[in-house]
Amino acid sequence: MTTLKVAMIGHGFMGAAHSQGWRTAHRVFNLPARPQMAVLVGRNGPAVAANAEKWGWEASATDWREVIARDDIDIIDIVTPGASHAEIAIAALKAGKHVLCEKPLANTVQEAGAMAAAAAEASRRGVVSMVGFTYRRVPAASFMRQLISQGVLGQIRQVRASYRQDWLVDPTVPLTWRLQQDQAGSGALGDIGAHAIDLVHFATGLETREVSGVLQTINTQRALPDGSGFGQVSVDDLALFTGRLSNGALASFEASRFATGRKNALSIEISGDKGALAFDLEDLNSLHYYDRTDPEDRQGFRKILVTEASHPYVSGWWPAGHMLGYEHGFSHQVKDLVEGIHNGTQPHSSFAEGLQVQRVLDAVTRSAAQESIWTRVEHDAQIHAG
Amino acid sequence: MTTLKVAMIGHGFMGAAHSQGWRTAHRVFNLPARPQMAVLVGRNGPAVAANAEKWGWEASATDWREVIARDDIDIIDIVTPGASHAEIAIAALKAGKHVLCEKPLANTVQEAGAMAAAAAEASRRGVVSMVGFTYRRVPAASFMRQLISQGVLGQIRQVRASYRQDWLVDPTVPLTWRLQQDQAGSGALGDIGAHAIDLVHFATGLETREVSGVLQTINTQRALPDGSGFGQVSVDDLALFTGRLSNGALASFEASRFATGRKNALSIEISGDKGALAFDLEDLNSLHYYDRTDPEDRQGFRKILVTEASHPYVSGWWPAGHMLGYEHGFSHQVKDLVEGIHNGTQPHSSFAEGLQVQRVLDAVTRSAAQESIWTRVEHDAQIHAG
Amino acid sequence: MTTLKVAMIGHGFMGAAHSQGWRTAHRVFNLPARPQMAVLVGRNGPAVAANAEKWGWEASATDWREVIARDDIDIIDIVTPGASHAEIAIAALKAGKHVLCEKPLANTVQEAGAMAAAAAEASRRGVVSMVGFTYRRVPAASFMRQLISQGVLGQIRQVRASYRQDWLVDPTVPLTWRLQQDQAGSGALGDIGAHAIDLVHFATGLETREVSGVLQTINTQRALPDGSGFGQVSVDDLALFTGRLSNGALASFEASRFATGRKNALSIEISGDKGALAFDLEDLNSLHYYDRTDPEDRQGFRKILVTEASHPYVSGWWPAGHMLGYEHGFSHQVKDLVEGIHNGTQPHSSFAEGLQVQRVLDAVTRSAAQESIWTRVEHDAQIHAG
Amino acid sequence: MTTLKVAMIGHGFMGAAHSQGWRTAHRVFNLPARPQMAVLVGRNGPAVAANAEKWGWEASATDWREVIARDDIDIIDIVTPGASHAEIAIAALKAGKHVLCEKPLANTVQEAGAMAAAAAEASRRGVVSMVGFTYRRVPAASFMRQLISQGVLGQIRQVRASYRQDWLVDPTVPLTWRLQQDQAGSGALGDIGAHAIDLVHFATGLETREVSGVLQTINTQRALPDGSGFGQVSVDDLALFTGRLSNGALASFEASRFATGRKNALSIEISGDKGALAFDLEDLNSLHYYDRTDPEDRQGFRKILVTEASHPYVSGWWPAGHMLGYEHGFSHQVKDLVEGIHNGTQPHSSFAEGLQVQRVLDAVTRSAAQESIWTRVEHDAQIHAG
């Protein structure tokens, strides 16, 4: 069987999760090509070597440019912080490597736009690229999209999306790079709000056309990690915004790191004139479906356990009722990427889709800076269609 | 025992609910005075007589002015549509009657302001007035306020409130007065959004200082009730807005009549730095409480069944675990009003509080008309303190 | 309109609940006759007079025999402890009074049998009798029966029923009459297990033919109420038993007063080859329905809010989504009794049905005394058909 | 780092799950030795070779005796059907191999007893053995045990355990080996009831001393897989039994393959005089905890998301709120086995514990054959202490 040699750049928490996907996908699914975990790349040589050994990479390296220059590498997987995504991804695409890039695509619309353009150009040379919005590939989320595309909701009337965590409620959490705008781009908005936006786009097939929003930094001062005093938090802790979707429906969004007691609550509810669907990542094997075409006295949200062989991705795993978890999405992502490369087709989500999420984030930031006034989301028909 | 003679003006659905409260409160609680259901008032003589007979009123009448003029009447209960609240309430207060007025206090800020002024003036003469936000008196909601006032949440950081129904998803629902602005004032915003605003104010003890919001009429044309064709819906079906509370925290609000599958889902979640509380009217005997002071590995939302004798209002009813329903709040309202009259104290919610809700609704409407720009909620220190 | 004069014998907690039913039913439903709360009967004159005044009874009395002898009384409602049910009910039936008797029908099969015989005899004279298993008349429970009788479950394969409370976990609860066999008959088994048995019979239309069970007294010593020391608990705290239903299916039962954290959890799940239904009294407005005829990938338990006008009893109350509570069943019971009297038909549950529950309790007790050996439930075709 | 060479015998569904554990454990946890997936063994050469390739085993073989005879193999992992467990495990233990044996330990008490004796004997030579009750190692289940051993429940008063599936509701499911007694030993009882028994023993630290139970085959005829007609189902579809635990508390058990709508619902609720715990495998990242030492008005079941780094096994995986699934228990099992081998200590569950579960199954079967009479569970102090 063909193998596809993978180099992964970055080795933080997301590196562990991506490694699990690379290690597992072909053990579970019948892939047309087998990923080979060739090299793990990071700046700190001993640390990256240790992680390569632990996670199952054959080798490690410290210079990503050298790795991209290697002829034998097929796929570049980027899990570095957002600020370096553009440079690495564009270089990899130019070098003819297929690219998987962790979300968010970039820290700015400008960078994301350049990446999407590079991906479109590379696509014409048969090079595949993909943004790692793995929550799309939770079976219940994929099934949600499938049901909607089959028309079970009828006309979508409104959407409610939120991603709530609570790790910043603790005042002793220090001022890391994630809380500084120059490094993280934004706070809750870009980190987790991006997932909510992407999931709405994915599930509904609609786009966000304009937004009105507000950002708030609740705890503005935090201890510096080195204990030398306190510094200013320069990103948002809480983002609340409303979007107008491409069919005219309104969608409410919340991204919070101050939602006490909520650990990883990416929730979405989509209401249509024939039914409704509700999903929550804290109960990720379930999808709640309300069917208005049921007899009136028997209508109710039904809790579907999305663990049947007939549900997306499930047939590779376990029998009905055996739960999947967070990291399964990384195997599903590998499966779809490998199949896309093999078949010469673009798997979702494309860099163009990732760019569109970035543009929503940008519009929210601009609206928030202007008293929440409704603000158009930039839209480039050419690139998007690319 | 003293009796308090009650006249109720209006006899629609809310009349039935209020009647249940008047009939029941003194059978369950030990009240200092006993309400006497003296007269039910409505324009349609035979209809009001039939309802008086059914609901247990001793007599019926068709002219509310005559009833207010009677010396023997102690309490006027107003359950007419909002457009007539101001005229009746002000007349009753001037006549020295205690007044219970169904929410919303009025259709406009101007009317509500006049009512609050009249109530403040009457209060100096020992006359008690009250707005019927009965959801405050669901035991779980009252207990939520009690816990917050005891400080269990610490600093309140953010609030999430929504009231979702779905009865307008059905396109055949006709164009009744509730869907016409001149009669109803507003749509989902004033009808159910008002409850969400009031519950946030009540539970947190905070006020909404400014808002940014959007209103949408999803289905703009509906059949006229008389079958003569179609007419224009002139109120909102969906209201989404954000409020900044008096302590600086942000609150998100939704009021919808298009939330498919949600029947009466008034939900509120309040997040503080010591804990969180969540309540949903569709599960009204429960209150969910997250305590951040629990050991880390044992933290979780606990579902408190608010049916213990130590919970608000419960001791009058049944043993622990025996559920209460929607209409119990009307008995609790009567209890608190009667006790307020007897003790000469103002029960919540005062007309001033009702006015403040009206001002939030008005600010949302103004914001929505100006591209969702942040808009101050009017605030009158004198009246509010009244 | 005709009135039906009611005398209620007994005035404890159940007296308050029954009074609420008598006071409310005709205010909500259009009854063919109106109950008149004529007289409340109890041994302690001043106490019964006070309760009569509080609950809305026109008069009070201390001798139930005198009351039964009165010509003007139409209905006798018995809410005394179980030991006196037989004597009062039989006397009332002989006197031609319609009888509503709180459950359990009696403390022994012998007494219950005599009552059922008296009821059958009275029935031939047009006298109606009814046992107060009010949980049948929670709308969700009635709807469960309706769905099953329409065949939505297909063949019933197994049943799971439990009634769990936790008030005896507290070791300081004193040794009241409820914990003494000579007065209470049995403990958890008869008090709450009886409800579980009755609800299974009612919902499925099946009967329990034989049982195997065990009883346990967990806390055998409790303080005497008068503080004079400790006494022996002579009833069960926990009953676990299995029943074989008339169609051959097995049903598991639990009745517990030691189920820590469960307050009033009467739960039932009925599994058939076409679907399943699940109900829990702690969430009494919901019914969970699983439909195996749905497409496989869309199957799931749907949570039906049983608050639509098309659901049993709901049309008399509030709009969809407005919750009902514990005491509504007492109004529904009055409605059905009054309609039965007016129409000359037997409302459920008949004394014969109550007797059958008593026989199951008796068989469980006998099985428990014989190493849990399977034990036939007595069955008398004549009486049952009565 | 040391490696431990593993041979796995059997390659059905459980082989895939065990392979995932062997492949993953050392990638996630810091193990003292690294498992090497040396050889996969099965009778069908091409099939086993294909699975070895797919799942990541270095080689395959068809004769388990030859593999056990190899000097370089350290661990034998047995995932064959139960009938062959004893022969393989005893041979492996005699050959000095550490053994992981999938549950149930064996099909009969006699076989299980021989295995436990062989394990005890091997243990004296430093050979480690373990039964694969992986549900113990779901973090929430492990945490349940931890909390109980810390005393949070006080005295355990009663236990409620069930394992409910519904795959046999479909009448077209054919008569496979799982439905034939000579091959499967028993039906729902041994297959899934064994898990419920083991989880009760594990969580509470108690044993089942005697039982009363009933077995039922609901659908007695099923189509033969070869289409040649119909055959007799010779195992139970439904098992209902009660156990008396070593502290005197009663436990109710249900194992069903006819619980319509329940896919993999292993549920357990443990009630003590200080609190209660409830767990359900269909929501496996949660543990519900009721603390009676909370203030009375704040008591409630709290839903703990068992995904904190301080919870068992979680620190190796993802941040708080990132869900684990079914197969993670197989990695945890490998971790504990490898650590046990390295440290020379017995990881749970021992073959003696597996034997004890087998004895409970046997006693249930005997009770069911004797009218559900209470039946002692065999108990051998020597072996158990081994």
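As written, the chain order gives the labels A, B, C and D, with residue 1 at the start of each chain.
Here is the rule we use: a contact is a pair of C-beta atoms (placed from the backbone, for glycine too) under 8 Å apart; a residue touches a chain by one contact, two chains touch by 3 or more.
Just so it is clear, the structure is predicted and the values come from calculations on it, not from any experiment.
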Touching subunit A and also subunit B, the following chains: C, D
B-D against A-D, pair bridged by the larger set of C-beta contacts: A-D
Approximate Å spacing (C-alpha centroids) for the pair subunit C, subunit D: 42
Whole-Å gap separating subunit A and subunit D, where each centre is the average of the chain's CA atoms: 36
Interchain centroid distance [CA atoms averaged], subunit B/subunit D, Å: 55
Of all residues in subunit D, the ones touching two or more other chains: 290, 299-301, 305
Subunit A residues touching subunit C - in the complex, by the definition given at the top: 143, 147, 286, 288-291, 294, 296-305, 308, 310-311
Interface residues, subunit C side, partner subunit B - complex: 13, 16-17, 19-20, 23-24, 26-27, 54-56, 165, 167, 262-265, 281-285, 305, 307, 317-328
Complex contact set, residues of subunit B against subunit A: 157-158, 160, 162, 166, 169, 171, 212, 214, 216, 218, 238, 240, 242, 249-250, 252, 254, 256, 258-261, 269, 271-273, 275-276, 290, 292, 299-301, 371-374
